[in-house]
Amino acid sequence: MSRPNRLRYAARLNAFKVKGGTVADMIAGAGRVGGLSAADLNYPDHFAAHDPGTLSGLLTDQGLALNGLAMRYYTEDGFRLGAFTHPDPATRRAAIDLTRRGIDACAAMGGSQMTLWMGQDGFDYSFQADYARMWDNTVAAIAEVADHNPTIDIAVEYKPNEPRAHALMPDLATTLLALDEVARPNTGVTLDFAHMLYAGEMPAKAAMLAARKSRILGLHLNDGYGKRDDGLIAGSVHPVQTVELLVAMARSGYAGVIYFDTFPDHSGIDPVAEARANIRLTDRMLDLAHRLADDPALAAAQSRQDAVAATALVMAALLGE
Amino acid sequence: MSRPNRLRYAARLNAFKVKGGTVADMIAGAGRVGGLSAADLNYPDHFAAHDPGTLSGLLTDQGLALNGLAMRYYTEDGFRLGAFTHPDPATRRAAIDLTRRGIDACAAMGGSQMTLWMGQDGFDYSFQADYARMWDNTVAAIAEVADHNPTIDIAVEYKPNEPRAHALMPDLATTLLALDEVARPNTGVTLDFAHMLYAGEMPAKAAMLAARKSRILGLHLNDGYGKRDDGLIAGSVHPVQTVELLVAMARSGYAGVIYFDTFPDHSGIDPVAEARANIRLTDRMLDLAHRLADDPALAAAQSRQDAVAATALVMAALLGE
Amino acid sequence: MSRPNRLRYAARLNAFKVKGGTVADMIAGAGRVGGLSAADLNYPDHFAAHDPGTLSGLLTDQGLALNGLAMRYYTEDGFRLGAFTHPDPATRRAAIDLTRRGIDACAAMGGSQMTLWMGQDGFDYSFQADYARMWDNTVAAIAEVADHNPTIDIAVEYKPNEPRAHALMPDLATTLLALDEVARPNTGVTLDFAHMLYAGEMPAKAAMLAARKSRILGLHLNDGYGKRDDGLIAGSVHPVQTVELLVAMARSGYAGVIYFDTFPDHSGIDPVAEARANIRLTDRMLDLAHRLADDPALAAAQSRQDAVAATALVMAALLGE
Amino acid sequence: MSRPNRLRYAARLNAFKVKGGTVADMIAGAGRVGGLSAADLNYPDHFAAHDPGTLSGLLTDQGLALNGLAMRYYTEDGFRLGAFTHPDPATRRAAIDLTRRGIDACAAMGGSQMTLWMGQDGFDYSFQADYARMWDNTVAAIAEVADHNPTIDIAVEYKPNEPRAHALMPDLATTLLALDEVARPNTGVTLDFAHMLYAGEMPAKAAMLAARKSRILGLHLNDGYGKRDDGLIAGSVHPVQTVELLVAMARSGYAGVIYFDTFPDHSGIDPVAEARANIRLTDRMLDLAHRLADDPALAAAQSRQDAVAATALVMAALLGE
């Protein structure tokens, strides 16, 4: 496998939030990191203080390309019980229309994709929800926003729970079933490592399925303990599974951005130093992935499902002989 | 909703195993329960001491109809590294041929379905497995066994892990993706309550998806703590989620057997008394499900996703006012 | 067992928060419920707008007795990396002094206990923390705040994680080890049902250990799916384990408040209706607990560890025959 | 920190089981590995075919020192409902007496410790168990077996569940509470990495507590996904947490055996090759632990709880710059 063109890195802008500051300060923070070349903006909140043109200029000033936008359906906007699945048709309509405006903003800034994390679309109690209606509403809403602008890709980011006790789209396979019904070419998935872990998935296997059944439009790296969305530095807990995922991404032909979806702000960590640690570790893990993807001895071990030989090769590459 | 015809109950025959006994003793044990009307046999182990004709006679003597057969791919038969996914094509062929012989035995006994729990088809380590090959082999194998006898239904029973650290078919949605590729009308899924819990699923939501995307061919009731396959008495830990699942099953038109997949033998519990407890509790939960399915106040609460109203109604039905 | 004097109920005041309102509005909301007779105030945030005397008056107006105060170590006060375990001694001192002022406020209002939830006292990464120093600092801090006013009980509320990936006091047994070192008679634990579930504990067993090794100073009822702090209506998911816990609490002689630590505000649920559902269900579960605690057949089944007989009795009491 | 004397390695003998073979074949298998210098025998099953003298000779022939014995309370011996906690006093007595005979066999062979894994001592259902009686019986039984021969150390190995749905001794802190009541100097704990993971523990923190409150008598290395006892090669999933644990073990002064409690036999893996992989990886991880334990920059980062600096140092040591 020839080394893919260097993947671009992005980081979560809210990690750079400063008290009393605006998104301009966050973008400046991301710029200080030094190794980031792309950014995502949240819609609508990151557009509260600045128009799309101003935001484009702020990104350019910091050497950051716009990767895309990510929708946020905030409770203060009436989406606490759901966005695309809200029991009230008027609220569902508001969620779709807000997404369409977000897609317009994305297009206006020259972005190419909108990420949908439908965090409120879930349920907490048995007997609370009409699952079939919620499913149909979600499929129809994704189709409608995908049709709004066929040149903008719609990436669905799944997550098992939080804020709701159960999400309607908790894991990759459920998301693929929904996207199969949506049946629009400009749709796909965003894989988030920590979400995959606490969905009980083997990340590289999820990437294989995602690439075969749909399109991988985004990759969020981070790490955690497999119980919740810990938001730790990429590779800091599960380097082996992360490298295996990177091999699977390379095999899938992924050429998009690696976005560090980490939460240094939750634990009082300097976000600039933390982003640099993500970059340094991921550079190293990409090198390992590149090397392992081309290793005929590893391919031979896998072809006979030889766990000892495969593990010995991989761990020697990681830890040294 | 009119009450469906009374569902038949079956219990796991191995729960009735006695030291030095054969499957005849297990069938006699199931007969002693008094409320069971169907049974599943495992293939090939339950056919070791008796031929299909003899087994049919033993079941009839106890008033038990044959629900179907369930495949077991035992490690002593060479399937420790996998059955349909084994790296060696000869072993994969052996697994398929064994399944075909099982389907023949099922047909010879007048049974209508074969359950596949592909317990060894999984992986333990990162970099051990070629997930894409395993997937393709599994899809092809299910298609081949489905084609072997189109009058016998093939039910896939998923489970997150155990014996392997990760199963290839760990949850409902992944299984539905595979069955969509299999594309045979005589295929479907078997839902197991404890497996659903530790797959992180909301059982009633899984039943909705299963019924819409495939066919529900089997229902295994039991209970546990959502961490592993505990095999406890149905309803003993999660009565509310079990009743919600029974409502969803009724809405799906399920008219098959309720099979108690519980493990009294693991904890020194008398299996006859335990089976009676399963029956008594499930009778009561089916009554509750029947009542709740017809409750217009509950339907109204669900239509506005009103968790408090729905929970109040459901808990009053369960616990009394 | 004679029925204990009716336990008092309290609810989480923040559930009644209204936009732009103060704690006075929350207290008024709790008053509207109709079945609550006690309340906890958070320190320092609930004291931002009103002095202790005013707060006492507001509670009295709504017929609410002060159960106690609960400390909050907010990130904006510098506690993001820890309170009692913060690496900077000055911040640790600030946390202790804040707690002492909270205890003074509690005493001034006639309250009898201070609950410590040391949410920031944990760690996210391997190699980040000096566990021994954190442990020693925590033990010393609890001892110091316990000594500040020996007439005020100090209740430690443990929780596995969130906000930190790992809490220093994640479960009951760890908390008991720390309290044993603290060795102050005015210390004990607060049990939270959802925390117990996702700590992997059997709640009634935890209550047994807590009562034997320390003092149970508080009981938070709620429910969830055993993966995180879901904050659902008490008994709505795990009624059997909740009733078993209530039996254990009665046997321990607990005569304190039952506090509903639920999050209706997280899912757009009316907090007044939700609190009423908590009260109604808990009334019913206390009745069941009272009945089961006195049942000689259940005691006999337990004495031979007979799961089938015990489960049959309990489920008949819950679901009816 | 000066490098401790090289720790000895042992492996699980049952991993080397061959069909129709005896423990002599298992010992021969362990001998073929080449880097093992100690072994544990299970009592009573490994003593079925050979007396202690013969077993000693078999071990010596392979260059293996006896590390100790490990009790097994088998269901066929009547312990399915419990050993030290069985409801029948006669069965509890049988469990204690069996353990005493095991201790005698251990002493006769010159061994120094007996490991107790009380796998059947737990419960499956709410209301099944009298937790207080089970606790008291367990404390008394451990005290009695500890008193049987004060020169033999008694190591308690905790595990969250399996075979029972809940173990009485599920985690370190609960075990320490029990050992505190036992109050015998010749007692302590055995730490098992995979058990710690699925108990939700941070292994290095558990080691700190174990060393402060009791004695660490054994260390079982392996790995897994934090959901069950996967029995994978040490370091293959969680190398960072394993190295942190090894640093904590070194700081505690641990000079015992590292026992690889892995299950190659469960997944058709050659146990000799697997044991060699465990040794190679653990050698490398011990080197890393030795280097990190002495690193003043890491100590400085920890003293200010600086996760980014600590993680950067650790990951550079693991993965290279």
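By written order: A, B, C and D. Residues from 1 in each chain.
Operating definition for what follows: a residue touches a chain if its C-beta (ideal position, glycine included) is under 8 Å from a C-beta of that chain, and two chains touch if they have at least 3 such contacts.
Please read these numbers as outputs of a predicted model, since none were measured by experiment.
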{"item": "Other chains in touch with both subunit C and subunit D", "value": "A, B"}
{"item": "CA centroid of subunit B to CA centroid of subunit D, Å", "value": "36"}
{"item": "Gap in Å, rounded to a whole number, between the CA centres of subunit C and subunit B", "value": "39"}
{"item": "Residues of subunit D engaged with two or more neighbouring chains", "value": "81, 124-126, 166, 200, 225, 227, 233, 236-237, 240-241, 267, 307, 311"}
{"item": "Topology of the chain contact graph, where touching chains are joined (line, ring, star, complete, other)", "value": "complete"}
{"item": "Interfacial residue positions of subunit C with respect to subunit D in the complex", "value": "81-82, 86-88, 123-132, 135, 160, 166, 170-171, 173-174, 176-177, 180, 199-200, 202, 204-205, 208-209, 212-213, 240-241, 243-244, 247, 292, 298, 301-307, 310-311, 313-314"}
{"item": "Subunit B contact footprint on subunit C (complex, rising order)", "value": "200, 225-227, 233, 235-241, 264, 267, 269-270, 273-274, 277, 280-281, 284-285, 288, 307-309, 311-312, 315, 318-321"}
{"item": "Subunit A - residues contacting subunit C, complex", "value": "75, 80-81, 124-126, 161-166, 224-225, 227-228, 230, 232-233, 236-237, 266-268"}
